[in-house]
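After this come two complexes, each holding chain A, first together with chain B and then together with chain C.
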Partner chain A sequence: MHVLSFGRRIFLTVNYTVLVLLACSCLLPFINVLATSLSSSPAVNAGEVSLWPVDFSLASYRYIVSNPAFVGSFGITLERVALGTAVNMLLTIMLAYPLSKDNRSFRLRTVYVWVFVFTILFHGGLIPWYMTIKMTHLLDTIWALILPGAVPVFNVILLLNFFRSLPKELEESSFIDGAGHWTTMWKIYVPISMPAIATILLFTMVGHWNSWFDGLILMNSPKHYPLSSYLQTVIIQMDYSQLKQEDIDLLAVISNRTTKAAQIIVGALPILIVYPFLQRYFVKGIVLGSVKE
Partner chain B sequence: MGSKFMTHKPVRRSLFSDFRKQKYLFILLLPGTLYLLVNNYLPMIGTIIAFKKVNYVKGIFGSPWVGFDNFKFLFTTTDAYVITRNTVLYNLVFIALGLLFAVAFAVLLNEIRIRFVAKFFQSALFFPHFLSFVVVGYLVYSLLSIENGFVNKHLLSVLGKDPINWYNEPNYWPFILTSVHLWKSVGYGTVIYLAAIVGVDASYYEAALIDGASKWKQFTNVTLPSLVPIITILTLMSIGHIFYADFGLFYQVPLNSGMLYPTTLVIDTYVYNILTSPLHGDLGMATAAGLYQSLVGFVLVLLSNGLIRKINKENALF
Partner chain C sequence: MISFKWRRELPLHAMILPGLVLVLIFSYMPMFGIVIAFQKFTPFHGWFGSPWVGLKYFEEMFNRPDTMQVVWNTIYIATMKIAAGFIVPILVALLLNEVNRAWIKRGIQTFIYLPHFMSWVILGGVLVDILSPSEGIVNALLKAAGLKPIFFLGNLDWFPRVLVISDVWKEFGFNTIVYLAAIAGINPTLYEAAIMDGANRWKQTLHVTLPGMLPIMVLMATLSLGNVLNAGFEQVLVLYSPSVYQTGDILDTMIYRMGLQSFQYSLATAIGLFKSVVSFILISVSYWLAYRFANYRIF
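Entry: the complex of A and B
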């Protein structure tokens, strides 16, 4: 390795310092929450916990796992991620395939693409949207978390562009072998587009897991909240007024702060787990999305 | 591929078989289209609420028409000015600083030659993007809370200053919200610009080195010019969305604290607050505010797309 010049060494030192500070600012707040969730309540209240658990304890996790509201909302989130992702992906593929045909083999394609793109450009706003969901009687059902976002037009365009980049001969040879559109789509287009589909799938799942606004506004009863919406309400609660007597006894080991921290960690857990492994898909996905065609 | 087949095929393909095949394409499109009609086009019709005086007994369709009264009323309040100003100014600052930091960090990351270390930094920077604003709101709260917040308890007390009740002081929030936004989103921009920088033809840099260009000269004369197209496109796209605010950021991070409204209320949170207020507030006026946002937003997207088209047709959305 050749010797670095003085200026270069200074630059690298500064560069590493800046990047290390940045990385810390991105990771440390979260590590602090993790440490808080794993510490005992007196240590947390005394402000002793920074980045490492003090008086290691799983009491907060045991408490939230026995909390029906938390467990219920966790179940709803699992349900919405599974159902919602399935519906999203099915519709995205079913729309992207016909819209990826050229105008010769699908005459009204341009009109159709416009019908879809227009929904990105203009929408009625929150209140008419809410009224529509109310009118279709979806409020307070799991479908309110799935149907309003069932067609992610942006993903349809992503996949459509991917399909268009595939050679036309694939489709032609499939038709010659006697396959129809349905078979061609599932047996040829989908398997060959797995990289793009996997990326969209990941974004969709993360989106469903993290989304809290729809639950908050479309569910009248908190027992129908998905996890993220439930967490939203938990964070705003700052008092102990809703605790029952048996909870107060628990406060010796756990506190509002440790349980909040534990719930936040569980709320972000799946993403924490998949993130390191799947990061490259995410990166690919956003690069794919920012550079059209 | 059987060439015998192919020579005959184009002639044999009749209009009828075309239609037969297209029929299946339509069937594939049907569920998604029906869905869009209900979920996206029906609310567009629903914007008529903006021209009505909503009466709960008579229902939306039975409520009386009031023409542009809701809009007139909206624009005579100071709310309209405050929410427009906040939405647009925050977005402008976000666009400018977001661009600056994302490009800077991408260039810095590109200088790290050890692959593993570079990957680690990129992952760390990109990480906040995947946290929901509920989690981010909690992280900010654990920094700023009056009783236990890190800033009050550890920073200000060490400096000998009085604790600050952050959630009651609107003056600080332009800085707080801007920092939180950058913290959460700069990693995303960095990834995009880094991909663009890595894609620059290495021979440009070799040529620059032969000419004796310093690192800084290489940046201004090679890296930056190659980034200009993607910077232009992404910036114009963001300008097209300047009338839309990030609801999670403006609602969840200030915890919707009423004291902070002068510097945190944006069009999106304004409409939401009216909808969810116990008495439902003035729905007609809130719908009018939403429609005002949609219409101006629509015009801005068209304008920015037109500009993108002029610069590079390939990159235009339509």
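Entry: the complex of A and C
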């Protein structure tokens, strides 16, 4: 073992300190909110809570799970994540496979690719987009949250590049064995691309869980809001018009701040649960799009 | 022979069809809907029945006193985010590279990637709570240090800074991934040669690591050019309030309020079109530059 120089040791100390501080800055705000959500409201209002719950209490959680608006929006989000992810993944695979072919075996490929890529480069803008969805009569239905974003072009490009990096012999041998394009896609390409597909799947689920703006403008009635949109109205907008008198009385007891904190935690929890799986894949996922011939 | 080729390709067309239809409806129809900007549009009369008014709403847009302020806010906030969001991940990747205990490195990475996966609703809730002037933990710390509390989200000077800092905070960790991948790809013999030539760690960083990261740095810088008009719609919408419109209102939030809250559809579409066209040019130029100088292709 070689001896570190004095300068090197100072550098390493400073380096570890900086990095640990950065890591704390990413973690402590969440701990603070978690501690707030688990504390009693007098303790929170007195400013006694920092990183550990004071006067431990689950009252806020009990309140939010008994709140029909919260529970309802939770259900809608589950539906959205399941349905939306399924539609996204199906379309991603079904587009990436044909677009990964070369121009000789699929002559219109370049035209199709440009039709899809152009949608990343240019947008009609918020108002025409909203009017389009209004005209399709999807407003206020779950499909308004799924169909407008059903084709995730970036993910298609990611998977397309992954498919292209696979050896061409796979496809050829599959054709010789008598399989068509559909069989080759489902039985050969999809199974061996599982790492890439799993990455995209996790990102897609997180995306659906997190998105809130579309719910906010495409759902006319707040009872159709997915969880994130509902959270936006209660945490950020502080819209009390939806509350009933008994709720307001209860709020006096459990405090607005602890309830908000509890809802933030519940909104973030599923992300924290899938996070370890995500982390296993996403580094690979980021690099995977860059493999090109 | 031709018919055989078509038949062979038929399943490929069939696979594309559903996605194509959805994109035509939800991406290309809105592009057609840009006609709203040139009409006195009402939803009742629709895209085909509303009267045409030419460039009236574009004139109105440029004559509004607040338009220039909002454009400036957008460019200012976005540019600050691009600059800080470019430098910080590079520095952190270099620092992480000096950590030689794998588990510490992994642990730090786990924490700094986390905010990237949270939505702005969650992060906004956290920020509003910790930055609150009366009860937030940040101001409690300031007070403990003998400083005056700051109303971060209600102060015209502080609001844009909070936007930039919180955006960098959310994304810096995740953005280190590409740089760490670039560092991992550097040929180890280069370091051996540098050590033979008597280079210390600092010289190695300067002459081996940084040049090794340069291509990806150029690429990231170029691609960020397309974001000059994207100052972070969801973030601003979650954090701002009327008291900070003067420095915090951006094009996207202005379009949203105008179009979907005060129902000035045509004016909002005109402003949106202005933004879309400028962004289109910027993105196209940035992809072209990335292709030209970093040999980058998206597909």
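In this text, the second predicted complex is superposed on the first by the 270 of 293 C-alpha atoms of A that agree within 3 Å, B and C clash if a C-alpha of one lies under 4 Å from a C-alpha of the other, contacts with A are read in each partner's own complex, and residues count from 1 in each chain.
One rule holds in what follows: contacts are C-beta pairs under 8 Å (C-beta built on N, C-alpha and C of every residue); 3 or more make two chains touch, one makes a residue touch a chain.
All values reported here derive from a predicted model rather than from experimental measurement.
Partners chain B and chain C, once the complexes are superposed on chain A, run into each other and clash. Looking at the shared chain after the overlay, A:Lys260 reaches both chain B and chain C. In the superposition on chain A, A:Asn161 contacts chain C only, with no contact to chain B. Applying the stated contact rule after C-alpha superposition, one finds that A:Ser66 touches neither chain B nor chain C. Look at A:Ile176: by the touch rule set out above, it reaches chain B but stays clear of chain C.
Looking at the shared chain after the overlay, A:Met131 reaches both chain B and chain C.
After overlaying the two complexes on the shared chain, residue contacts for A:Thr17 are found with neither chain B nor chain C. Shared contact residues of chain A, touching chain B in one structure and chain C in the other: 8, 11-12, 15-16, 18-19, 22-23, 25-27, 29-30, 32-33, 36, 47, 91, 94-95, 97-99, 101, 105-107, 112, 115-117, 119, 121-132, 136, 147-148, 150-151, 156, 180-182, 185, 206, 209-213, 217, 228, 231-232, 235-236, 257, 260, 264, 267-268, 271, 275, 279, 282-283, 286-287, 292.
Residues 8, 11-12, 15-16, 18-20, 22-27, 29-30, 32-33, 36, 44-45, 47, 50, 91, 94-95, 97-99, 101, 105-108, 112-113, 115-117, 119-136, 147-151, 156-157, 160-161, 180-182, 185, 206, 209-213, 217, 228, 231-232, 235-236, 257, 260-261, 263-264, 267-268, 271, 275, 278-279, 282-283, 286-287, 292 of chain A touch chain C in their complex. The touching residues of chain C, when paired with chain A in their complex, are 5, 8-9, 11-13, 15-16, 18-20, 22-23, 25-34, 36, 43, 46-47, 92, 95-96, 98-99, 104, 107-108, 110-115, 117-119, 121-122, 124-130, 135, 137, 140, 169, 173, 177-178, 181, 201, 233-234, 237-238, 252, 255-256, 259-260, 265, 268-269, 272-273, 275-276, 279-280, 283-284, 287, 297-299. Listed in rising order, the residues of chain A touching chain B in the complex are 8, 11-12, 15-16, 18-19, 22-23, 25-27, 29-30, 32-33, 36, 47, 91, 94-95, 97-99, 101, 105-107, 112, 114-117, 119, 121-132, 136, 147-148, 150-151, 156, 169, 172-173, 176, 180-182, 185, 206, 209-213, 217, 228-229, 231-232, 235-236, 257, 260, 264, 267-268, 271, 275-276, 279, 282-283, 286-287, 290-293.
Interface residues of chain B facing chain A in the complex, by the touch rule stated above, are 1-2, 5, 18, 21-22, 24-26, 28-29, 31-33, 35-36, 38-47, 49, 60, 105, 108-109, 111-112, 120-128, 130-135, 137-139, 141-143, 148, 150, 153-154, 183, 187-188, 191-192, 195, 215, 230, 234, 247-248, 252, 255, 268, 271-272, 275-276, 283, 286-287, 290-291, 293-294, 297-298, 301-302, 314-315, 317-318.
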